[in-house]
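These notes open a run of structures that come right after.
Two complexes, one shared chain (chain A), two partners (chain B, chain C).
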Partner chain A sequence: MDETRKRSHTYGDDELPPPIERIPVLRWLKENLFSSWFNAILTVVFTVFIVVLLLGLGKWALGARWEVIPANLKLLLVGTYPLEDIWRIWTTLYLISFLVGSAGGSRGGLMRQISMTIAIVSVVLAILPFGLMTRGWILGMGASTGIGFLLGHFGKRFRRYKHIEIGLWVLSLPVTIMLVNGISGLLPVVEGRNSWGLMLNIIGAIVGIALSFPIGILLALGRRSELPAIRLICTAYIEIIRGVPLITLLFMASIMLQLLLPSNVRPDLLIRAMMTITAFEAAYMAENVRGGLQAIPKGQYEAANAVGLNKLLTTTLIIMPQALRLVIPAIVGQFISLFMDTTLFGFIAILELLHISRSIMGNVQWRGTIFELYVFIGVVFWLACYSMSYISRRIEKSLGVGER
Partner chain B sequence: MSTNNNEGIIILRDVHKWYGDFHVLRGVSFSMHTGEVLVICGPSGSGKSTCIRTINRLEDHQKGQIIVDGIELTNDLRNIEAIRRDVGMVFQQFNLFPHLTVLQNVSLAPFWVLKMKKSKAEEIALQLLERVGIPDQADKYPGQLSGGQQQRVAIARALAMSPKIMLFDEPTSALDPEMIKEVLDVMKELARSGMTMIVVTHEMGFAREVADRIIFFDYGQIVEENTPEDFFHNPQHERTKLFLSQILDY
Partner chain C sequence: MAKKVASSHSIPFWRDIRVLRVIAQVVFLALIAAGIWWLFNNLQYNLQASGLKIGFRFLKNTAGFPISEGLHYSPTDVNGYAFFVGIVNTLKVSAIGIVIATLLGVIIGISRLSSNWLVKKIAGVYVEVIRNIPLLVQLFFWYFAVMLTALPLVKNSIHLPGAIYLTRRGVYMPWAIPTDSFGTWAWYILGGLIVGAGVYMFRRTQLKRAERPGFPIIWAGTVFILILAAGWFITPGNPLKLTIPVLNKFNFTGGLSLSTSFTALLLGLSVYTAAFIAEIVRAGIQAISKGQTEAASAVGLSKVQILRLVILPQALRVIIPPLASQYLNLTKNSSLAILIGYYDLMNVGTTIFNQTGRAVEMILLIMASYLTMSLLTSLAMNYYNKRMKLVER
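Our next item is the complex of A and B:
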């Protein structure tokens, strides 16, 4: 589109088009791969190496027992979650995809792209040979995205609509947890929540992100506070937590709390694990945010003060938005590592994706399917983490409008 | 607002300030009445910026008295907030909020501090952008404007709080020559409209044309205080003569 417009530009008398450089394939090869004897040898050796590797990989992939994945798919994704309660998970997914669709309809941009992706993926998945019931559920997700999208599209003309949307997003986390876990009195509580496979990684990461982000911001502000007591407490917290590996903290949470606290006030193991990862990540988040805060010039504080903004308003309206924008890449990087760190839950007997796969590997029927399972786990994690970094790049770009 | 008003809208009495051991302001006293335009000039490092920044308490003073619109500046946070609502400031480096559009930059404080309705605040902001001559830039971000345009946005942002006093700290020093005039024109218009202004500047043409009084600063003290006429043609102190010969020759 842009290309053609540029080409159709007519050049004035003393204006020249930029010279077009065309490099033939052979010349490119010569310049880049065979420029000297040594380079030529390297090129040949590595080509052979890569071909052998790919052949081996291809041969293995063709003969691999991929059936281990579909046969255990339910176990990998939601672990021992009882089949008769699976509707709760679907309902949750419907709620979320509805919200995503609605945001896509009312805001467009990135959210629209995500809604499209959900819709397309759900149609594609529904073609795969799952059971009829499952296919129905999957299609429903696309449908609820679509309904949300339409509602958002037409609802956005009402001034309150976007506010309501934000409120629903905030509510979605507790609602999700209540639905999936159950809540005494309303929905029967589902037992065995320490072996829910991939769902535990996802819930752990979302809870960890949603809580460690605001706590981290407060810690960063506390570390820069004018009150010495607050500054000291925040600094000490951050430095102590950052000096201890997460796995150590998890072990402490799983074993030491058990020894220290009386049995009737001991929180559930999973809750302890989530509290630990939140506490851990908050310290790192604080340092990331502090980095952003330090990059804001003094003039911004002065200008904010001079127009009469008080400290709270200066921080929330002027300083924090700029600081966070500066550290989006660092923060997303941390979210990604947080997600991967949830696999450490396995070491305190919480069977998330990685460790539930190990129990499949231990099954006689599936002996020797280690690689297949690890490849599956790798792909799942790569997909999740790549999407996160893709989204972060998009956000950065859209926020970069008119930056200094 | 108070009985002190007839004495002057700004009163400084024997103001001292130290940065650590360094004595920046060494007994500064002057007062201004409403509608007056005061130009402060003097060599670099003499304390001009520090002096006007004490007036809206971006810097605190350690000795002496500063009374702005009848309110004495102390550590009392309520007084500081009240005075900052009445005193607008324009900085050498503009200090616009880069993550907000021009319109948001200008309407932010009326909305959050004066609790104006959003539509009202934006209406005022647009009027002010019109007044400083850039109504068509309202939806751009500061980074997309020229220096002169940015400084005019900064003036509009300060005016949006309907201040009684405007402080300018070398508002044209960071600008290319061709943009200086557009900013000075806005300031002249403001002075004619009766705004009380303190301007730190080396633009002697502006001082001659607009100032009611010129203060010459050196080593944290007022060396000479005079009308523009006498300041330029009949300076009293050797230090002023030297400064003027340097700056006017140049």
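Our next item is the complex of A and C:
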């Protein structure tokens, strides 16, 4: 599902945004809603439409059985994850919010806003009527963000601090997975990995994007290679993967992968799903990276050549850093669509948020709450995706993409 | 590239770039081939263990499962035909979905540029809401919540004007069905198409010679419709008959019935893709600078001429390539049909796999079908881009 995200115009150094004019209400109404007969009719028709729609929605929302959400919240968010191990998920969230807070403290800008948002949201959530335990856990998240922020704020004067931060970010993915899943010998492995609700959507998207990133870069370089054999193979891979729907690949992973591997290698279903989305996303990632590579002017290659850099050094030191910087917004867009695509996991009996909700709908106690559940799921996805695309637009602005 | 040293014979072969390039490619290909050979070996071993052999002969075996959608089919037909029915169903839902999504998308895209604040905002909210909710969630909503829960039972169906009935069993609407004399009339359709194409060609060369803009399609269309109308009156008996759905004891009979899963899939795909098409249309129109319109009106073109000769040709060049990829996306997304029970090619393919256990063959067939659609689309796009390039300065 390709995204064509909109690019907002940004103002350069020598350019000022137009002055904001104060317009009286009546003139604003006339100019924007009743400028012509046709517009006036449109306004009236759509006002009636909106009012009817909102009234209907409001009436439904007031009478809806919303108690289905809090009663099943744990199931929707983490599925069958055992309650006595839930501290592991909280610890993971603390680690990540600590890292975000630290980045916000040491770098400022967008990361600072994100860490502020986490702190505020955790305080607001703690006001909601959860159990006392849960409230404590939630508040802890705000606290760990705050601690991270202070540490980052005072730590940034040390030269190595930012490097350590990046190292911690890289480490956070394997540590997270070990914590949540458990690792033999250290932490007991949690069973029932195929029904973890929303957590599976998040883990699937993060793992998919992180693993497809290096493969995608290699594929993009391969597709632009001067060697015809490498170019051909990489192009064929990218085009074949992009030409088929994800669901066919998932089908393949669920029934054919074990035929292609030796009989003693039987990867777990979830691992197979991860492998599939990695292989799938790598092709799209390659196209994104290739877009960035194509945007680098030829002069950069020539200049690097002129100062005596070989091909490897030119690529790693000159071209890639610039190209990757250009494609960050596109990668965020890809992450969003990948996050949405993880709902397809249900097809191979991995119960993520959308499919675990079907078990609640099948429950006699919650019969007739189908609209409430789908509205909740829609809102969860919408909030996540819309805020990420907002962040992506902010990154675009702060990177100055489209201005150079 | 650095200039090569002229006396190449002095370079040892392991530092000769030409030799190194060949070696690199050979090593790369050897690695790929080894990987494929390893996978193939495993496959053969595993298949042998389960006693299966790769081959497509099973397509000629009786399918034995029902398909309640599309072409005439019975469980006694062969697997190959069942798969073909699935392909036709995929094409059917995609084609209708593309038409609806385009109409909806163009309207919303233009609305986003409306001078009416309210219309602009509504279109904006539509795009932002629809694009940020996964398609599968929307499909499940349409299918499980709207079609199967919110709609009434057959006996209290919602009656829309024009004899359209919405029920939990599907949507019923009037439809024209061919009668015995349709076969005769079909020849007029064919003849009309041929004559229409001839008129189109003739008109186009005429206009080109006169160096005048115009719409040859209008002439061709008029001729086509005239021939159809003539055929309609000449043919004895009406070639098409209108049937209206009527409520019987248990269900509706007559008219066209759309199954719940088809309706849900069509709605979901159209509504979702329309949001993306709206953004493409908006970007395409915005890509044409205002100066173009002003310059065109300065040389005395009328409003219609400006739109036809200046804005549209340029906007379409921006719009059509991403639009084609959205059409392809819609077709690929129609594979989600399997999760709401519509018999598209993916669904029929997996059913055949469940019946026969032929994993490799069915995956190859399914992938080949989708790849063919992708390939045809990208070929058409390449042709279009090539034609458009000639216009470029």
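Everything below uses one rule, namely that the second predicted complex is superposed on the first by the 347 of 404 C-alpha atoms of A that agree within 3 Å, B and C clash if a C-alpha of one lies under 4 Å from a C-alpha of the other, contacts with A are read in each partner's own complex, and residues count from 1 in each chain.
The rule we apply is simple: a contact is a pair of C-beta atoms (placed from the backbone, for glycine too) under 8 Å apart; a residue touches a chain by one contact, two chains touch by 3 or more.
All figures in this text were calculated on a predicted structure; none of them were measured in a lab.
Should A:313 be classified as contacting the first partner (chain B), the second (chain C), both, or neither?
After superposing on A, A:313 lies in contact with chain B but is clear of chain C.
Between chain B (first) and chain C (second), which does A:321 come into contact with in this model arrangement: first, second, both, or neither?
A:321 sits against chain B, while chain C stays out of touch.
Considering only the touch criterion stated at the top, classify A:251 as touching first (chain B), second (chain C), both, or neither.
The answer is second: A:251 touches chain C but not chain B.
Does the superposition put A:83 against chain B (first), chain C (second), both, or neither?
Neither partner.
Can A:305 be said to touch chain B (first), chain C (second), both, or neither?
A:305: touches chain B and chain C.
Is A:389 in contact with chain B, with chain C, with both, or with neither (first, second, both, neither)?
second
Which chain makes contact with more of the residues of chain A, chain B or else chain C?
C
I'd like to check the shared interface: which positions of chain A are touched by both chain B and chain C across the two complexes?
Touching chain B and chain C on chain A: residues 305.
In their complex, what parts of chain A are in touch with chain C?
1-4, 6, 32-33, 35, 39, 42-43, 46-47, 50, 226-230, 233, 239-240, 242-245, 247-248, 251-252, 255-256, 258-263, 305, 336, 340-341, 343-344, 346-347, 354, 361, 368, 370-371, 374, 377-378, 381-382, 385-386, 389
For chain A, which residues are in contact with chain B within the complex?
297, 299-300, 302-310, 313, 317-318, 321-322, 325, 399, 401-404
Using the touch definition up top, name the residues of chain C that touch chain A in the complex.
Chain C reaches chain A through residues 1-2, 21, 24-26, 28-29, 32, 39, 42-43, 45-47, 49, 114-119, 122, 128-129, 131-138, 140-141, 144-145, 149-150, 276, 279-280, 283, 322, 325-326, 329, 332-333, 335-336, 338-339, 346, 350, 353, 359-360, 363, 366-367, 370-371, 374-375.
Quick check on the complex: what are the chain B residues that touch chain A?
Touching chain A: residues 56, 58, 81, 84-85, 87-89, 91, 93, 95-99, 101, 108-109, 112-113, 140-144, 154, 157-158, 160-161 of chain B.
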